[in-house]
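By letter and in written order, the chains are A, B, C and D; residue numbering begins at 1 in each of them.
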Amino acid sequence: MSSTVIRVNGKAPAEVSQHHVPMLPPPVWVDGSPSLRQITDDIARPLEMRPGKGWWICFSIAFAALLNLGGMVSYLFAKGIGIWGLNNSVGWAFDITNFVFWVGIGHAGTLISAILLLFRQQWRTSINRSAEAMTIFAVMCAGMFPAIHMGRPWDAFFIFPYFPNQRGPLWVNFRSPLVWDVFAISTYLTISLVFWYLGMIPDLATLRDRAAGGIKKFVFHILSLGWSGSQRTWSRYEIVSLVLAGLATSLVLSVHSIVSMDFATSLLPGWHTTIFPPYFVAGAIYSGFGMVLTLLIITRYTMNLQNYITLRHLDKMAKVTMLTGMIVSYAYLTEFFSAWYGGNLYERYHFINRATGPYAWCFYLMVLCNVVTPQLLWFRKARTSVVFLFAVSILVNIGMWFERFVIIVVSLHRAFLPSGWGMFYPTVFDVGILVGSFGLFFTCFLLFIRFLPMIAMWEIKGVVGHGAHKMALSSQEQEEPVSV
Amino acid sequence: MSDSDSHGHYASCKSAKERLVQIQPQEAPAYWKSVAELQNGPRSSGEFPGGLPAAGQSGTTRRDFLALMGFTLAAAGLSGCRAPVQNAIPLLVGSDQFVPGVANWYATTCRGCAASCSLLAKQRDGRPIKIEGNAESSLFGGGTCATGQAMVLSLYDDERLRGPLWQGQPAGWEELDRRVAESVATAKAGSGSIVLLSGTINSPSTRAIISEWRASHPNFLHVEYDATSLSAMRAANQESFGLAVVPHYALDRARVIVGLDADFLGTWLSPVEFTRQYANGRKPEDAPSLHIQFESGMSVTGSNADLRIAVAQSDLGPVAAALLARIARRGGHAGIGPIEDPIDSRKLDAVAEQLWKHRGESLVISGCNDVTVQIVVNTLNVMLGNIGKIIDLTRPSLQRNGDDQAMSDLVEKMNRGEVHTLFMLGVNPAYDYHDPARFLSGLEKVPLSVSFSDRRDETSSHVHAVCPDHHFLEAWGDAEPVATHFSLAQPLIAPLFGTRSAQESLLKWLGHEPADYYTYLRDYWQKNIFRRQRGVPDFQSFWDRSLQEGLVVLPLLHPATEPRIQGNWRAAVHSIREDQAKHRQAGSADRYELDLYESVALRDGRHANNPWLQELPDPISKVTWGNCAAIAPATAAKLKLTDGDVVRLRTVTQQIEVPIFIQPGQHAQTISVALGHGRNKVGRAGQNVGVNAYPLLRVKDGYRLLSAREVTLEKTGRSEKLATTQTHFSMEGRPIVLETSLEELHQSSEVGIEPALPTLWAARPEGEHAWGMAIDMNACTGCSACVVACQAENNVPVVGKDQIERIRIMHWIRLDRYYSGPEEDPVAVHQPMMCQHCQNAPCETVCPVLATTTSSEGLNQQVYNRCIGTRYCANNCPYKVRRFNWYNYTDNPQFDFNMESPLGRMVLNPDVAVRSRGVMEKCSMCVQRIQLAKNVALQGRRELADGDIQTACQQACPTQAIVFGDLKEPNSRVAQLQHSQRRYQVLDELGTRPNVSYLKKVRNPVRTT
Amino acid sequence: MRVQLALLALLGAVLAAGAGAWQLSRIGIHQGYSPAQPIAFPHKVHAGDNQIPCLYCHFAARTSRHAGIPPASVCMNCHNVLEKQTVEIEKLKEAVDLAQPIRWVKVHNLPDFVYFNHSQHVQSGVACQSCHGAVEKMDRVEQVSPLTMGWCLRCHREHAKVPVNDFERAALSLKQKQKPTAGLDCASCHY
Amino acid sequence: MSDKFLVATFTDTEALLAAVRAVRQDSFRIYDVYAPYPVHDLDHAMGVKRSRLPWVTFVVGVLALGFALTFQFYTSVLDWPLNVGGKPDNSSLAFVPICFELTVLLSGLATVAALFLRARLYPGKKAPKFADDITNDAFALVLRWRENDFDALRARRILEQSGADRIREKEASS
């Protein structure tokens, strides 16, 4: 681990530390030099006391939205897809836009916990747990949309190749990207869930041992699977975590590639392009980090964990956001270039229409949020101003939602035959269900930070342990006290 | 549908229970009572024709309308809904002509308008469910129009009266007969005249009844009145030829057709017949005729013309005169002073040139209800020597007999209280008379007014007695659309309600006992028709054959005599010139002219309650559910108006408020508004849809001109959403409709079919057949008959104005209409677009559940019960021809059209599944017909022959623009057409390899310079 | 051994799930449905003992989509002359005298979305029994076949020379490409 | 049956490591070490061999891949080939995504399952508790107390020297 030199606030620890230590001091990812016991207390405390006003306000808003979702979806099932603004020209709009959007959000979690684990990035330790939780809830929201966009969920099981069936037997069409989706999403959800739970077992054990008794103790007792902290288990456990991380990493890259194939394999101008898989993955990570930023900035306040989620964490994430943001911008350019260079009549028209047609405002909003905004993150001031980052993270999510909307609706509303052209106008149900999905997401997340350790205690301890922190701590003293 | 198992049953059980309560007792037997008579003789009355319940297999809704008949789900209500008990109730006494589940076809005659096309009507299990043209007819061929196709639905119209009314209250026939008898008696005593006010009547037997009335009642008067009449033409012909008739035209023989505001392909006189002739005369492979159209608004006819010249209504006369001047000069007729050309002289020269070149084989028609114009037109035809060759005055058309003057006289008589008894048959003056108030005030003064209307409409709700007439599918009848061309009408179903045929009423009131129109008709034919024919010795067999074939053509009574030409056409020209001058002075830039035209679907308005027709897009504007004011783009720009802005059109006396529609090709100073809309008493579907423009029309020396002058246009500031089915009219330079010119076609010898594009995949093993279709873009006029035919055949639901505003029309076949060229003078083209049945179908690859796949016979098959509704296929369909069921359109109060009402559902085709919510559907190439034909061939132990299978759209098409058949059968017509050099496929560069191919549109421009 | 217990439980769960799935897949199958009829008409006596061919009474099956239930008049052809009397025959005659239609109960009901045509099958020489079972041995008619799509396909496959057994079929299609036949098209039953 | 153990608790990982090394040098066999987080070098010090669980991942992965491939091939080529957009029955490229997903899914689940089996982790298991705060901030080194061949005194001495906080004897059921 000492192999990775990590700059603290832009300066190498070597420069900042006045100590004449032969080796580079390890980076510091926890402020306030807490003892192991204190870490446990800090992180477990929120779960043991009544939640604050902030939490209740957030929760009631989120829960209201969730109820609204329930109501609207039941109405949808009762009446039919017609209550949405869809039509013969535009067969997908908010439904699939939301689907792709949420799947995208779902990428950051696994990326942080898996890929950064493989790269031995220690700064992930404070954020990976909540990022994974976010992933799971996001993928839940995403999974909801394919189910409801059919309007008849009781027939959805046709999409699974199951036996016995009395139809001959009739299977499914493995050539259809929608079937790929079903497998990709469910796999991603399962593996992320397992990964998340596995990582939580030691902490569950901690909570079990802290719990006074009663139902809480019992539940943690069951969930922690009798974890004892045995070193023999630890060593197997770390191996398995690495393996899962490897698998999950490949998922991070595959899931959104497959989602992008829903479009790439069709023949619609604006959909039918080979750039989609990498472009979508980058976009997913971009939006995912945006969402992680949003959530962490909120939680580090509501749960006052500034010592664990430090500005340096935010700075890191801001950098990743900026990078992926620029990859996305590059993809936008490439699309236009290949449309012009390819010279296909329909393709060209599509992109002219994207930039000048009736939905041009969506396009420019998207450009503003996804191309212009990230550029501000070049400045360290921007990266370390919590308020600013929060604003950026919101913009990023808006931008990414509109990116999907542009790709889906603008491509559909003016396809090959002009006689089939038409406009899409959302109805209250389109918007309501989008809002509702946020309700579902935040409800889950708020419950999570209320009842489960939102920071991996054992990993923090691992980082803080080995006395390494003592050394780096001294470097802290000359640093400005960053615990905001 | 797939969810009907889990949910449908419950619904259907419930509805069944309810329905049993309301309808079973009195009505349900009524449906069947006399079908049984029809089929099995009176003995089996009170029964249900056997086996039909099995049709209950075919769809919740299909089960529901059986429930309506009061038996199928009788038990289901009680037996709980998990596995509903289905009952089957056979006949008590079998019948040899009636096999349940097998359709019978009967020849009959259409009454949708006075054109009286010959029909074959399909009767399935006792219900008429489909109308098709009678291919035997030498006049109409097998084609129909959109309106004719929809007539079967008006049979099942909920708004039809269940029985006669007296003073608005249900009454018995006896009572009515008594009262009418009294009134007629007093009238006979001399206290005023007895008047029968009717639309055009070309039924010889009915005319016989009328003449009986005339004979027995000296003060009897018969007035024929058409909302859109040709009485000026009749008057003009009286003056020019001494014959007050509407001639019969032969467009197929004309080499040059010049139309002056006559929409003969859309609504004028006999559109089906003309459309057929027109197409036959314009086959590009041999010398096609040249068609020049002068008109104000874009009409179906204009959209097909080789040269279309937009002129103001007031310039139609001058144009005719200017043409006459040129022809006269050539023909050496003196006496026409110089006429100022209303339009570009070179164009007129070119037209005159063409006319003169094709003397004797050209035709000038005008729809103008203005005597002077018609006289000039007659003179033109005379000078060109077309009379007797292209224009037949000796076998005139009897399809428009209305007399405007007689009508206005009648209204005055009524107001003077000189009319004692008034019968009204097939007219609705309170709606379509230009001065309804005047008519109604007169009506009040009539001691006894009787209407034969089938519903409470604007007129019949003001009369004393309503004696509802049968729907023509319930009634006997005959017609003589063109002299010596007779056709018969026979009932396919016993009257659904307590109605009585008008003829029977008239006979009864004449004192005939028994007043049985069938016998009367039969006798009439025996005495008059049978006598005049040779060949069939005995009447019975003649009768049977006529009934079976539906039509008889007799030789002329008296040999053709060339009509002598008379009449002072110079005077006519003179008055035109004066009128023009007068108008020039009055005219100013902010004064517009109004051009009122019959709507293609609703015609003069009588079909306003037919949801199929309300939802049929106008062939030109593509607007459904209501009319709008067509305005030229330039004018709209000048006035800063956009589509849907509501404007107030004001004449001197009247005004209407109507949304505008920007119409390319519209004359800048003329505004076109469709008639037939804005009925305020007609029924749920048509109530107050659109605006009634009749009050605006102008009467010139007693003739109802379908136009007005000095019209002012004011903005109201309001704006409405137009329910249009096509929002973009330009092809954006895409190769969608390909065109070629006549020269090119005749010069180029190269065979047009370019080799099929290479495909990535190995060819799959072929099946027995390969169904394919070829559509001739040159023959298609955009008449839209195919659209309604498809709707009727395939149980396509009506979705209503709101859904169409949301671009959710369900029609399986769409008529795309594109414009090219300058927007003030565009060239239009119509393209039927339905599922192309691609061999490499993009929709199939993306369907996750294999709900759509390619059949062994090349059909792109859609399995409704497998579809889970992801809509991915529709997104990936480059032709956008897939239709999604956004809601349940059946048995759903939200969509209160025919499929909501138990009665309306009787029109459903039991052989086609009714789609439920959340399911994708599309053109199936009428696979049910394919399967049926196979089955018939199997029963006959023979191979399928080309032509055994006709898709609904193909059958309905008057121009035979659509050809369906087996591509693997080298001699089939469709396979032959694959070698046409005009053949191409839409978007084939995408590699979809459609089984539908198109034949290029051929342009034959007129050199005007 | 706790672990073994857990494993056993798991196994049990899997088996239960399997059984459940099988049951689920049989929903809507009314095999063995045999309702009482208003007149207890014994096919055994007519088609069995007296050897009356099916198509004599169900004549519509030759030409129509529906086999149809014979009109009472058809029954009366014989029962007018036969002097044998039973309560059931009395019911029949009464119905005829009172011109009172007989409300039979349909036994074989297909889902709404399937188009089945009797004549097509009769004309192709499919024996009635192959779907309806040995009706001539039944006193009261019973639905012997499941009437599922898989069941239909079995016969259609035989007809199309495609093995019915999944594994045979698999083996065959490994050797040669299956030739598409109309009998196996979706659109031959679903439209 | 219940065993006797000698439990030494530490607060410092350095001391723990020292103790582990010392104990092993003196040829005591370590029963186990308990820690709130995986202490680095401890495996090495204890001589714990690298786990072979990744093999499970590999084997199951290969099996899953095979299954996915054959299943898709069977259903769309052998069992009921349908003409889907004119594409070949064996559109093998289209089968790749699902093969991949199933491989990852099944191998992942199998690995975790294997871990639980191997480490005897299952719901409701009672965790052996040799010292307090193991899951919080304490480290414990546990030696099994075998009758007749366990020099408790020497063990204690070694542990004390290497800086254990407390040393206790403990009865526990293994």
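The rule we apply is simple: a contact is a pair of C-beta atoms (placed from the backbone, for glycine too) under 8 Å apart; a residue touches a chain by one contact, two chains touch by 3 or more.
Please read all numbers here as calculations on a predicted model, not as lab measurements.
Chemist: So which one's got more C-beta contacts, A-D or C-D?
Modeler: Ranking A-D and C-D by C-beta contacts puts A-D first.
Chemist: Centroid of chain A to centroid of chain D, CA atoms only: how many Å?
Modeler: 29
Chemist: Please compute the C-alpha centroid of chain C, do the same for chain D, then give the distance between them in whole Å.
Modeler: Taking the mean C-alpha position of each chain, the two centres sit 59 Å apart.
Chemist: Can you work out the whole-Å distance between the CA centroids of chain A and chain C?
Modeler: Between these chains, centre-to-centre, one finds 55 Å.
Chemist: What whole-Å value do you get for the distance between chain B and chain D if each is reduced to the mean of its CA atoms?
Modeler: Their C-alpha centroids are separated by 81 Å.
Chemist: Two or more other chains in contact with one residue: find those residues in chain D.
Modeler: Chain D, residues with two or more chain partners: 79, 83-85, 87, 120, 122, 125.
Chemist: Of all residues in chain A, which are in touch with two or more distinct other chains?
Modeler: In chain A, 168-173, 175, 179 touch at least two other chains.
Chemist: Mind pulling the chain B residues that touch 2 or more other chains?
Modeler: Expected reply: 2, 764, 842, 844-845, 847, 850, 853, 855-856, 866.
Chemist: Hey, how would you classify the chain contact layout here, line, ring, star, complete or other?
Modeler: Topology of touching chains reads as complete, every chain touching all others.
Chemist: For chain B, which residues are in contact with chain D within the complex?
Modeler: 759, 761-762, 764, 838-845, 847, 850, 853-856, 993
Chemist: Touching chain C in the complex: which residues of chain B?
Modeler: It comes out as residues 1-2, 4-5, 8, 44-48, 50-60, 62-63, 71, 74-75, 83, 85-94, 99-102, 764-768, 853, 855-857, 859, 861, 863-866, 911-913, 924, 927-928, 931, 934-935, 938-939.
Chemist: Flag every residue of chain A that touches chain D in the complex, lowest number first.
Modeler: 35-37, 40, 161, 168-175, 179-180, 183-184, 186-187, 190-191, 194, 198, 201-202, 205-206, 208-210, 221-240, 243-244, 247-248, 250-251, 254, 258, 261, 458-459, 461-462, 465-467
Chemist: Going by the contact rule set out above, which residues of chain A touch chain B in the complex?
Modeler: Going through chain A, the ones touching chain B are 79-82, 85-89, 91-92, 146, 149-152, 154-156, 158-159, 170-173, 175-179, 182, 262, 265-268, 345-346, 349, 412, 414-423.
Chemist: Could you list, by residue number, the parts of chain B that touch chain A in their complex?
Modeler: 2-3, 6, 726-734, 736, 803, 806-809, 814, 816-818, 831, 833, 842, 844-850, 866, 868-872, 874-876, 878-880, 882-888, 917-918, 986-987, 990
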